[in-house]
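As written, the chains take the letters A, B and C, and residue 1 is the first residue of each chain.
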Amino acid sequence: MRQFFVSELCEYETPKIVSIKSKCLGIANRLVQVTIIIYLIIWVFIVNHGYQYIDKAAISVTTTKVKGVSYTNSSDIRIGNRIWDMADLVVPPQESGALFITTNAIVTHNQTQGICTETEGIGANCSADSDCQPIGKPYHLSYGISEGTCNHTTGTCVVRAWCPIEDDSSPKNEENSTMKNIGDFTVFVNSHVHFPFYDKARSSLIEFIDKDYLHRCNYHPTDDPYCPVFRVGDIISLAEAPTEPISDSHFRKMAVKGGVITINIAWDCNFDYKESKCKPSYAFKRLDTFNGNSLASGYNFRHPIYFYESNRLTRHLVKAYGILFTVITDAQARRFNIITFLQNLGSGLALLGIASICCDLILLYCHRHKNYFKENKFQTVEQLQGLDMTTIRELLRQHMVSSQEEDKEDSLDQKDECEKSLN
Amino acid sequence: MRQFFVSELCEYETPKIVSIKSKCLGIANRLVQVTIIIYLIIWVFIVNHGYQYIDKAAISVTTTKVKGVSYTNSSDIRIGNRIWDMADLVVPPQESGALFITTNAIVTHNQTQGICTETEGIGANCSADSDCQPIGKPYHLSYGISEGTCNHTTGTCVVRAWCPIEDDSSPKNEENSTMKNIGDFTVFVNSHVHFPFYDKARSSLIEFIDKDYLHRCNYHPTDDPYCPVFRVGDIISLAEAPTEPISDSHFRKMAVKGGVITINIAWDCNFDYKESKCKPSYAFKRLDTFNGNSLASGYNFRHPIYFYESNRLTRHLVKAYGILFTVITDAQARRFNIITFLQNLGSGLALLGIASICCDLILLYCHRHKNYFKENKFQTVEQLQGLDMTTIRELLRQHMVSSQEEDKEDSLDQKDECEKSLN
Amino acid sequence: MRQFFVSELCEYETPKIVSIKSKCLGIANRLVQVTIIIYLIIWVFIVNHGYQYIDKAAISVTTTKVKGVSYTNSSDIRIGNRIWDMADLVVPPQESGALFITTNAIVTHNQTQGICTETEGIGANCSADSDCQPIGKPYHLSYGISEGTCNHTTGTCVVRAWCPIEDDSSPKNEENSTMKNIGDFTVFVNSHVHFPFYDKARSSLIEFIDKDYLHRCNYHPTDDPYCPVFRVGDIISLAEAPTEPISDSHFRKMAVKGGVITINIAWDCNFDYKESKCKPSYAFKRLDTFNGNSLASGYNFRHPIYFYESNRLTRHLVKAYGILFTVITDAQARRFNIITFLQNLGSGLALLGIASICCDLILLYCHRHKNYFKENKFQTVEQLQGLDMTTIRELLRQHMVSSQEEDKEDSLDQKDECEKSLN
């Protein structure tokens, strides 16, 4: 046994190489090899940082804060003439990773539980009671339970519901009916990231940002790319037309029916450099306009404001159109790592095998001297044939003996060698 | 130097191959190779699309919209006899990626701040003041601060709290006490996905869906798998028993105590085909019934409705049982990519090495002619021994000289070759 | 054709190996190989479970439930003297994956829409109307629309806003002004995970947890690491100073201005063992204190409480400071998978190639006998030269003929062989 290891340790096995003097093969071979090496260096190591361990398991939380005040000045009593500040416009007031700002609203005032007639155009029109659903059945698209009777003056069915029923037909001149100034509102987006693997944390408030700067600054993709304070109008413009100059026209269009915007915060931290070099980058995208499908576009929902009046639970029903900002953080941190490096190097070298495969194919099937090369590359070993088992056993015994002797011998002068080397 | 490159370019090195005529080895070798190739083709390339770059960094936002109206008709004044529409039932009214619908409620009316006695069964029972906690200490499980005295009529301690204190014992016949019709409510789930890498976007409203279809349609796993409008009762049934036919019995059971449901939207877009071929698939799962642990199952929370009455801040406390739908989007887009293809091919070919490894083991340790083969496979090169350094130096000098000459020579006729080839 | 396959099947090609008797090379070779094998076993297979398929596409939903009651007892009427229970403190009442608990508040009572003068220090100070913004312009940092006039008694501009305007200057002795007992509140965090690939689900309520235990227990990193009920004070302490003993001082500091905490739930399920062995582990981190930047630290937002008084919409504006808990679930499940195993093994073996590469470099460039070895490793095959094409054709024809004959022959005795083997 020990002898076996000694012999293993004291000999090195390397493939026998046939070196063929052939320009085309040589060049072909080097070309493929060089291509692979270039791919390795450029794609694997430079572009994809194959020498760095990438930690994608980042923990991130983003908080937002809106500043601004709006007002409406509309003859349409459904929105009326009043002040709206963010406490009125941001619903729900706190939402981690998202933010909804109302830009337009239809308020149905003083609803109480009672009996009233349906609005038109929801399939509740009638000329006789029989046209209405039986008592107790709901109207799927409206918010009332049928009373089973028909109101002949309005020509619609009678329901039990929150009355009066909402009239959400759009006002005449829409753009004027929306909340004012909201394009000028600012959103402070504070992205907190923590990389557990490297135990490092970053925040949108990178080193050079101080209180004054934060109050002054305003994000701009080129002029001020690290300011975490965003003008609502700018975000919409950048989301809708990233290449065009910023303009509020995009916002004004969107304000009427609302929309869905993602704010994408990318952190790509290279901890081979100073931490402070790791800065966020922001991208914006509108998601609710899928190949111009009007069904998908816009965003609205209803929320109630409850109160008591003359001892009855009463509510204002607000149908709020607005912009839903969703913040998506995409963070990764990387740093040189020897294991990652070797893994990529190893699998890269394995690829080099392809070079020989290609050239061997040329060598054996395409080259004009292929047979001549074959003879030199291959050494054919015939099966031991026409021998009866006795002879084979004989042969084998001899082999065994001789090889054992050889083993003994070389293990012997091996020992000499080793002893020598120790002196 | 130049000479070195020329010689490198004009020769090709390929391993010397010993080709052994042996059926068992040949077959073994091919078998392993074929297995590996089949694995490559089927598993790596067909099943896992090894020829496509997969972009998993999708940006997705899902918005939901509920339609329907419900009512209660209960003798239990805690829920009473009234209309509930989604403005009453959906709390909070807007939640990105999630949706809560109340299915059952316990309302404690007209709570005001004051002094009252604890309810039973929260460890606040007493027969003397000494049984109650000292003044100012909170009762962990209730919502009152101890006044340190015992009310002997009720046999419970006196606390400062929102009074009257909630009695959340379940009503007698539960199923009837829940909101009606909610199984028939519909949820419109609009999933927006954007793939930044390919700069393509998709939405639940795929090409063939128009306004009429959307108002008519109703998701069914086999009959109508692309309709983004879901009946609440159907979702619950599919989540609880995907294989059984759809029935509302599952919903009715769940409505009493609520539950947690995930709606899983899977986008697997193969952009080697038309974009319009990329459609979502939906799956549903109930998560709050972990090995029948009654502690985990159900879902409820409390929310207040504030108002003023006789100049005092008053509130209704609603303990809302209901269904929390969480939408999880799992999106990926893929398209043919030569680099990905080569990477997988390369590492696949590397695997082929295993074949030779196996067969060499047979060849060298198991085959009946192993020694005979060994002799042919291996060419043993003895260490230069029994030579004093002078002789070695001598030998080496000769080697160097000769080899240099050789180099010169072949580099010479190399040049001839090359020049020839240029004429 | 058939003949080709037969010959392919009945011969095995293996590289010719030159076995060099050299201690240094042998040892070098084995050393590198052993290193790579150790790396494979330890890093790839033991540390990174290279023999298991890892499913990271887990579906998880986390629900939370807060218990406790608080009160304030402050001379500052902005927070006053009252009871606060979780219905008052948790805003919004339901938020999937997040939870906000108010710890301090500034309430501006009975705001109505009207005309009033700005507060100081928001850049609305004036000595003449000209100092104020023109009518209709908003004050960016306040919540009012300028009326264009200056109130000389207060020395600030007049605005249309929700009046009175909030005074959010901090109260005198802050720590006393915060809500009491909140450090003692408990949060029940129920994490539900589902692994679609293995179709297995887990929940924080692992097997041994029953009702009694749940009511009794209290998470502690070492004493009780699986209890899903957390004391708020403990979480903050563990997040701020994981190594120090738990103390509420951290919470008391944070309560004044609030903060952002992540609760990280890690599920690492090894389904080669019993499911019940798969337990969650919890980690906590404060994210809002980025290198002591006071701008980033703390968390607050405003929410309104609407009501009607003397027929006017009135509101309490609550500026809520508090702790935002964000729950992040990081789940993976793994189980032995033969394909994964072979893939890692294959690419591991490919790495072994590096050993030969290193040693060949020594062999050919560093070893004192390098020329001697070169001669043995390489067999040079000169290009057929100085031959006119006729001779080459002649030669080739002969080769073809002979090789064809050879083929015939060995394919013949091949057949014999095969037939023999069949008898």
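Definition applied: a residue touches a chain if its C-beta (ideal position, glycine included) is under 8 Å from a C-beta of that chain, and two chains touch if they have at least 3 such contacts.
Please read all numbers here as calculations on a predicted model, not as lab measurements.
Taking only C-alpha atoms, you rotate chain B by 120 degrees to land it on chain C; that is to the nearest 5. Two copies of one sequence, chain A and chain C, touch each other mainly through non-matching residues, since under half of the numbers at the interface are common to both.
Separation between the centroids of chain A and chain C, computed from CA atoms only, is 13 Å.
Residue numbers of chain A whose C-beta contacts span two or more other chains: 13, 15-22, 92, 95, 306-308, 347, 350, 378-379, 383, 417. Residues 8-22, 57, 59, 61, 63, 65, 67-71, 82-83, 85-88, 92-96, 181, 184, 186, 190, 192, 194, 196, 201-205, 207, 209-211, 214-215, 305-309, 314, 339, 342-343, 346-347, 349-350, 368-369, 371-374, 376, 378-379, 383, 385, 410, 417-418, 421 of chain A touch chain C in their complex. Listing the residues of chain B that touch chain C in their complex gives 13, 15-23, 25-30, 39, 43, 91-92, 95, 97-98, 100, 113, 138-145, 160-162, 260, 262, 264, 283, 285, 287-288, 290-291, 293, 295-296, 299, 301-304, 306-308, 315, 317, 324, 326, 328, 330, 347, 350-351, 353-354, 356-357, 359-360, 363, 377-384, 392, 395-396, 399-400, 403, 413, 417.
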